[in-house]
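The two complexes that follow have chain A in common; it is paired with chain B in the first and with chain C in the second.
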Partner chain A sequence: MNAPVRNTNVQLMNGNHAVAWGVRLLSPDVAPLYPITPQTPILEKLIDFQSQDVLSTRLLTPESEHSAMAGAIAASATGARVFTATSSQGLLLMHELLHYAAGARLPIVMFNVNRTPAAPWGFWPDQIDSLSQRDTGWIQLYTETPQESLDTTIQAFRIAEACEMPVMVNHDAFYVSHAVEPVEIPDQEMVQNFAKKPDRSLWLETGSIRSIGTPIGQAGWNETRREMDVAMQRVVGLTEEAGRVWGEQTGRHYGPLDFYRTDDAEVVFVTMGSMAGTAREAVDTLRRNGVAAGLIRVRLFRPLPISGLRAALAKIPTAIVLDRNYSPGLGGVLHQELKAELYGMENAPRMHGMLAGVGGVNVPPETLEKLVIDYKDAEQSQSPIWVD
Partner chain B sequence: MKDTGFNDQGHFCSGHNACAGCAEALAMRVVLNEVGEDAIGVVAPSCVAIILGAHPNNSAKIPFIHGTIESAAASAAGVKQALIAQGKNDTTVLCFAGDGGTYDIGLQSLSSVAERNEDILYVCFDNEGYMNTGGQKSSSTPRAAATGSTPLGKTTRKKNMVEILAAHRIPYIATASTSHMGDLAEKVRKAKAIRGTKVLIIIIPCLPGWGVADDAATKVARLAVETGVFPLFEIEDGVKYTMSVGEKTKEIGSYLELQKRYRHLDDEGREGLQAEVNENWERLAEIAGK
Partner chain C sequence: MKDAVETPLNEAEFHINDYIRLEQMPHFLCPGCGHGIALRALLWAVHELGIDKDKLAIVSGIGCSGRLSAYIDANTFHTTHGRPLAYATGLALARPDLHVIVITGDGDSLAIGGNHLIHACRRNLNLTCMMLNNEIYGMTGGQVSPTTSPDRYTTTTPAGNTEPVFDACALATAAGAGFVGREVTMQVTGLKNLMRDAIQHDGFSFVEVISDCTEIYGRKNDLGNSPEMILSQKSQMRPDAYRNTVDVPFRPNALTCGVLTKTDRPEYGKAYRDMTARLRGEGK
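Up next is the complex of A and B:
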């Protein structure tokens, strides 16, 4: 095995600029972009790169996120490698086209900055914007740090193009999008070899009458969903592979799930995004106090890595799910998903669904530590619990 | 039989899904013929999408992406950008939409594309309503026309899409009709040679939607031109108006009487429409310097 290429190009940057750096290293063909807080620094940084002549991507600035995604779809359908970025209202405006992009099997990569949707207006970290798009057919990844956002933006192209499905990478508003950390910028040649643009199975080209999205009968439509099912079943493996190869190249290893001190754990937090950082702090404190706590961070949410979750949770008596989102009438989306995936498992953990940080309210490590003390030996909670 | 001078290159195939006698199929034939094979198409949900055919058929000899109704122009811009990224700058991007997809739900994205002067050829097949869904009014439906959603006749004017587009100062806008096939073909040729946003609006009398006899679509289209209801003209750079047919030679009655959508009108109603046509015509003629 080759030794990782250690790169000394480390710069201080926020999560959004890290995303823009990931895009710059790969320079996809086309990127339609519409500004929205707190995604805007991605757009601005890309325009800045373009004006410095270090980004060859054709940037398109249409009048809405809807048209940005329409342009992304059409460009991808014409064989271009396409990136776009949005947040909250913008993502919700795209909803119709998210279904289209997936149904047409277009490997678009989109970065979404998780933000509260109106009403009332808010600009705060909350994952309900992307979680409410879970049935559109987009692969969904959630990152925790600016470095991971850069790395995952690149891995997303490799995953998307391998299975011809669109990928949405998400990080939390402000906690990741605007938090400044040292970020290592990988070698561009390595990146371009890592995510080589493969031949596509279907695109629009002159000299052919092969079309995309043409009206189709019931059986044909049904078949498209069966084929998407086959593609989705490859995604956990593709995410593992992309994370492993990336690790070999950079020393930073990723997988569909991220485990922290779970080996002998009696209670684990399960969460996504920046909440994992807080949970890690809480785990360390609990461990120091003799409580065998751990953390499972779900990095790949769609499709959920079911066998990985089942294997990890089978050994653990209690799971406390931290959802920075609220689905009215249901509860936390990750909690509901986990309940469904673990249904019927003999040695499933007792699960407690915590609505923690909804609307971006701060959840300090001490609050999480107290949750463990209060719930680690309790009967499984039937209703979601609002965390103060 | 009159020689139309039309030299069909076979870019639009038989077996398409248009209603028998539909003028839209003829308009598509002329447009596709002039655009040629170095083109990629975008089509919004509309009659034209149906006419192109269901999977795996395509009655055109160029590939199409069947996009969403409100984003035809935005999609065309995406195709164009992808082609430029691939160095295929000369390939024509042809966009087909109906009036619903142009005057109503697609106006926002079309306006943005026009403002950015994206290099696309946008063709609106204007049958003055949502005819593909069974005949409801759009903002292109003229005053007094009965539709499924205006059973007593629409109470407001047809939106002046041409002037909205002209305000964007795009290089080329033209209105056209299958009754003037040579003029239509010439306008497509002219538009194709220009870089930037070009828009053609073609009047398409809808046989079931307007209540027109199966053999009368192009006759009604001709009367739309001759009565001045649908004047044929070009606008270059948003300011230079040129009339393609410089006179209106008939009263509106001859146009109205061939359509069931106006049969509820009394004399006063017909006179009101004539007055509106006269007013529009005089205004247009003044701008065009006639």
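Up next is the complex of A and C:
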């Protein structure tokens, strides 16, 4: 095994430009894109790269996200490697075609910038846009930093193409999309070897007659979902493998779950996206004050890494789930998913579902520290709790 | 039937502060943006017609243009990108007593919402659509739109635009709009008069306002600052914009403004109400 090549090419950039860099290194064949705040810098950076002749991808700017996804589906159906990016209303407008892309088993990679949906209008970080697409068949990953967004964009192609399912990678509006941090740009040859395009089993080619989307009987339709189920069962393993190999090449290791100071923890935060950064700070302060706190960041949300979560949480008495989203009538989506996944488990932690940062309101580390003090030894909360 | 047709024109002097939400000031438009001029002309027309603000419903899409609804002191509805005409259709059918005015942009009504525009024209329901054409997606930072002139630079056309453009007025006429007009923001009084006639028209009225995105489109294409952009509206910029799609009705070096189409096609709301009355056996 080769030692990781530490690349000296480090640049200051925001999360969206980091995504565009990931796309540039891989130069997929086609990328249909439609502008929407706060995704637009991805689109603009890709056009910038194209005009400098450092990106060979064919960029299309159709008249809506619905058309962008339709174009992505058709391009992917020819065997092309396809990328697109959107946010909030744009993702919601694509909804019909998200089901189509997954059902047609097209390994499209999409970057979504998590933003509040209307009404009322807002531009703030909130994950309900993508979480409300969870039943469409798209694999979903959530990242915490610009560097991770670059790295995950590349890993997403490898995962998608290995199981022929589309992948949506998400980062939070502004906190990640527009925050500027040093980002290491990996070596292009390494990237291209890492995500070599495999042969696809399904695509349209004019030499042999094939069709996509043809009406089918009940049993046939049922069969497509069984096949998707088989593909989805591979995703946790594929994500582990992609993150491990990436780590060997770059020194940056990733997995479906990210653990921080959980080994002897008596209370953990469980969250996704940029909230993890705040939670890390809270964990450090709590540890300094003698509280054995930790953090589990869920990076792969669909499919959820069930056995990993069960194994990690079995040892921990209390879990405080931080949801930057709100599903009306239900509560936080991650909280509900965890309750379902841990159902019936012996030694399951007492769980508290916190609606923290819904609509982008700021949640400082001190607030999280106080949650630990207040709920560490409390009975399991039945209803979600709105965090001030 | 809307009462404005019978209401005598308001003789009192027009003060824009009577029609805007002062608590929303300062507004977010860039200095020199043409959309502000269009807003003034619209409110001036509303004033002249003596429309009661409680009977005025402003429905807007999303964009710098769509943002104008937030500033109007009336019933306002800030909808979703491209869809204000679909919302307004429901509103106008349910409340024929209201004056329903849609404010939209070139991207809003010709790109993502193009479908709704042609069907609103075809139905000819009694509402007014004011489309602010600045040849760009202003709000999202200046991407190419269906009306961007050939060769213009935008963030998505760094080598100049090569896509053909729409002539929105020709499109609206062909799709059946009862009233179609165009005006430049340079002619504020003309624009006010056109908006007044459009609102009074019984049926679907479509007005294209030639507006300027000074800050993004103007800057990127070296079109000068706001006064220069406004002054060039009639002489240089616009004829070029449409050169490759239609020869008529444009003269080689000028843009046809004013009322371009006016028909007395049946208004859809009335036709619909007549039909329901017939089915209920009323008027037998």
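Here is the rule we go by: the second predicted complex is superposed on the first by the 388 of 388 C-alpha atoms of A that agree within 3 Å, B and C clash if a C-alpha of one lies under 4 Å from a C-alpha of the other, contacts with A are read in each partner's own complex, and residues count from 1 in each chain.
Assume contacts are C-beta pairs under 8 Å (C-beta built on N, C-alpha and C of every residue); 3 or more make two chains touch, one makes a residue touch a chain.
A quick note: this is a predicted structure, and the numbers were derived from the prediction, not measured.
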item: Touching partner for A:247 - first (chain B), second (chain C), both, neither; value: neither
item: First, second, both or neither for A:220, with chain B first and chain C second; value: first
item: Partner chain in contact with A:36 - chain B first, chain C second, else both or neither; value: second
item: Which of chain B and chain C A:51 touches, first, second, both or neither; value: second
item: Touched partner set for A:359, first chain B, second chain C, both or neither; value: neither
item: Chain B versus chain C as contact partner of A:118, first or second or both or neither; value: second
item: Superposed model, chain A: greater residue contact from chain B or chain C; value: B
item: Partner chain in contact with A:63 - chain B first, chain C second, else both or neither; value: both
item: Set intersection of chain A contacts, chain C complex versus chain B complex; value: 61, 63-64
item: Complex contacts: residues of chain C adjacent to chain A; value: 62, 78, 80-82, 111-112, 114, 137, 139-141, 143-144, 146, 155-156, 158-159
item: Complex contacts: residues of chain A adjacent to chain B; value: 29-30, 32, 58, 60-64, 66-68, 70-80, 82, 96-97, 100, 204-217, 220
item: Contacting residues of chain B [partner chain A, same complex]; value: 37-40, 42, 49-50, 52-58, 60-68, 70-71, 74-79, 81-86, 88, 91, 108-109, 111-113, 115-116
item: Residue ranges of chain A touching chain C (in the complex, touch as defined); value: 34-37, 40, 43-44, 47-48, 51, 61, 63-64, 89, 118, 121
